[in-house]
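A, B, C, D, E and F label the chains in the order they appear, each numbered from 1.
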Amino acid sequence: MLFITKSVEFSASHRLYNPEWDFQKNQEVYDKCNNPNGHGHNYVLEVTVKGKPNPDTGYVIDLKKLKDILVKKVLIHLDHKHLNVDVDFLKGVIPTVENISVLIWDIVKPHITDGELYKLKLYETPNSWVEYYGEPVEIKRFGNEQ
Amino acid sequence: MLFITKSVEFSASHRLYNPEWDFQKNQEVYDKCNNPNGHGHNYVLEVTVKGKPNPDTGYVIDLKKLKDILVKKVLIHLDHKHLNVDVDFLKGVIPTVENISVLIWDIVKPHITDGELYKLKLYETPNSWVEYYGEPVEIKRFGNEQ
Amino acid sequence: MLFITKSVEFSASHRLYNPEWDFQKNQEVYDKCNNPNGHGHNYVLEVTVKGKPNPDTGYVIDLKKLKDILVKKVLIHLDHKHLNVDVDFLKGVIPTVENISVLIWDIVKPHITDGELYKLKLYETPNSWVEYYGEPVEIKRFGNEQ
Amino acid sequence: MLFITKSVEFSASHRLYNPEWDFQKNQEVYDKCNNPNGHGHNYVLEVTVKGKPNPDTGYVIDLKKLKDILVKKVLIHLDHKHLNVDVDFLKGVIPTVENISVLIWDIVKPHITDGELYKLKLYETPNSWVEYYGEPVEIKRFGNEQ
Amino acid sequence: MLFITKSVEFSASHRLYNPEWDFQKNQEVYDKCNNPNGHGHNYVLEVTVKGKPNPDTGYVIDLKKLKDILVKKVLIHLDHKHLNVDVDFLKGVIPTVENISVLIWDIVKPHITDGELYKLKLYETPNSWVEYYGEPVEIKRFGNEQ
Amino acid sequence: MLFITKSVEFSASHRLYNPEWDFQKNQEVYDKCNNPNGHGHNYVLEVTVKGKPNPDTGYVIDLKKLKDILVKKVLIHLDHKHLNVDVDFLKGVIPTVENISVLIWDIVKPHITDGELYKLKLYETPNSWVEYYGEPVEIKRFGNEQ
């Protein structure tokens, strides 16, 4: 087995807060990430596919195709957007880097037909990131998004 | 003369649009940067001070002091903020990386008392940045901020 | 399960030598790393915590808390220090990047109460690093530190 | 167990094409990577060795020795070469980053006598890379190299 | 005045040799860069435009437009190409990073109509690069390209 | 004119203190950089040479030669050394990044015979660096080095 990765970027804004808590409680938990008008990041998304190289092409997956999937199925929804309000698949979800990763997985997964989606790595800053391998995780979806 | 630089980071959101133009015109000029709910970046700010090293310290400027100035006078206003609405010194200004740089200069300048402020470099993404040396530049301040 | 990581930095000096060997033998094994007056590095420490995101916060662990643990429990002992002589938990230990990693693990481990410490990655230079997952490793502690 | 890694670089050119296919088919599969005169990359090769640190040295493997192996056994064949025509161990192989990784493994493996070769990571660009752990993979060797 | 920069990348191969010299002389001067089948790099091109921000847009130049110019006028000729044989504007030129920079300048210059082309920076590797500000430089064009 | 740069690295330790001051005063000025046993960094040194490319080679200066000069004349003295005590040309000098830069200039300058030494850039950390263009600077040399 080999693991091949493509890295792409998007720029987005978000606010971290739990709509069931008051401002004070949100401030204690999220501090400056709870700024009501939001803040933003240059996210880096690394997508890893696992598989055997096709002997005729030498490719596990054509990275041009993988990038195309990421652009058309993921980045189009996230790049230059406000993650709390502009993104259907994040509606009502607290857009932590953990939750975003889990929900990107569900979008990318069915499109990987050469090899198998193995891992997502999502950087919120160069010093903070999540890795996710697809194990089911409960994500709470609140009725009241921002 | 030597030139010494400190690099710091902040995460912020913004929207690029000219309030005197309609949505269509803003869309033509700013495209996805005109997303009404904004988007964001991890900005990197590099501040360069020019001077001779003090023979007794070997320092042009103590970088701990320079960082302290940047944290207390600049980052406190910009980090985890929405640049269009949360920042007094950007009120009514289109928060392009060019305009932000010029206005940060005016804030930092009077606090540099060892050596002289020489240059600001502001990265909006790892692939896009501005350098500014303090030459006066006209920045339009619109009456109607977002 | 998700894996979330925080990266921090410290600058330190060290000398690699085995006090039971003569200078010649140390020179053969450690070469320039055996320079008697030491040398130094900008270390980068990446700490990964494994867990499920708390549905109410969307956090596996609050990265502000994780960073706070790293600053107060690890960096305070290592940053701007000589690893052979200034650091209690490294006394008598040859401060290779392997040994330092194992001993940082023991310090960080009990403080991770949201999720579970999963991995440490310690860069000595941008081109050399260790990854450690907590499997017990014998570290020799010499009676005669530098 | 610890995992220690050394990173090295080489610059090489290659062309991706399957000699059993006509130009049109190669163009469909490899697009611009099929440019007949080739193109090139600055490759980064990260080699990870797994083992326990030797209590007397604190080393899993001496990274100077590991680098020496990589320079003398791998880089000498690949650096500043055309991978399709200049490299014996790649003769007749489509030099995708997948295939190159697998064949570098076979060369490095027997030389690692302290610890055990655990992983190769090969970057073709800063945004595209492969990870390989030595699981046997079929690599097709065509009779007709470029 | 402000200076705004866009960074783009291309992957190409080349061979350094002077066709008026024999192989031995070329080997002495260019060493492994003279490999007859060529080698390659991931080049990074940073293009800096100097100007005042337009008060109505806050832009010196729209970086989307600048990138578009670079893609359509420069990268289309260089990306995934062999610089000695595939590129009209480099025909007969020894494709050192110096010479390539000077000739890219001539191509980009007339297309910059907002602000003024100020500087090109071209990385051949992360450790080697050229900066060029447009001062006329003699580039020898040999009758006999590879 | 073109400006061509080579980047190299060295790892060293140092202590910042003025031997004419008591410990308390040094602590106030240098804080943790005054740790008596020193601390260290991975320094990055970028050396820029200015000149016209030789029409016969396309080189301003052969970067292999430039690197060779840096290794043999600079790095041999600084890499894996304690800058306060192991380095003749720094004896009695407070080894701030400013002072080191100025004194490296004097060593490199006479060896650059193709083109002209234009600039040194010395990183102490990825977030702190000095640029120096050779303008004479007074460096105090204390009689009493560590």
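Assume contacts are C-beta pairs under 8 Å (C-beta built on N, C-alpha and C of every residue); 3 or more make two chains touch, one makes a residue touch a chain.
Everything numeric in this text was worked out from a predicted model, so none of it was measured.
Colleague: Steps needed, at minimum, to get from chain C to chain F via touching chains?
Modeller: 1
Colleague: If you take the mean of the Cα atoms for each chain, which one ends up farthest from chain A?
Modeller: F
Colleague: Enter the angle, 0 to 180° in steps of 5, of the rotation superposing CA atoms of chain B on those of chain E.
Modeller: Best-fit rotation on C-alpha atoms: 120 degrees.
Colleague: Going by C-alpha centroids, which chain is farthest from chain E? Tell me that one.
Modeller: Following the centroid criterion, the farthest chain would be C.
Colleague: Starting from the mean Cα coordinates of chain B and chain D, work out the distance between those two points in Å.
Modeller: The separation of the two C-alpha centroids amounts to 43 Å.
Colleague: Let me have the rounded angstrom distance from the C-alpha centre of chain A over to the C-alpha centre of chain C, please.
Modeller: 30
Colleague: What is the distance in Å between the mean C-alpha positions of chain A and chain E?
Modeller: Here chain A and chain E have centroids separated by 36 Å.
Colleague: Going by the contact rule already set, what residues in chain F reach two or more other chains?
Modeller: If we look for residues of chain F contacting two or more partner chains, we find 126.
Colleague: Can you work out from the touch definition every pair of chains that touches here?
Modeller: Per the contact definition above, the touching pairs are A-B, A-C, A-D, B-E, B-F, C-D, C-F, D-E, E-F.
Colleague: What residues on chain E touch chain F, complex-wise?
Modeller: That would be residues 16, 18, 20, 29, 31, 93-99, 101-102, 126-133, 135, 137-140 of chain E.
Colleague: Looking at the complex, which residues from chain B come into contact with chain F?
Modeller: Against chain F, the touching part of chain B is residues 1-8, 48, 52-53, 55-60, 62-64.
Colleague: Which residues of chain E touch chain D once you look at their complex with the stated criterion?
Modeller: Per the touch definition, chain E meets chain D at residues 9, 11-14, 32-33, 35, 37-42, 79-82, 85-86, 125-126.
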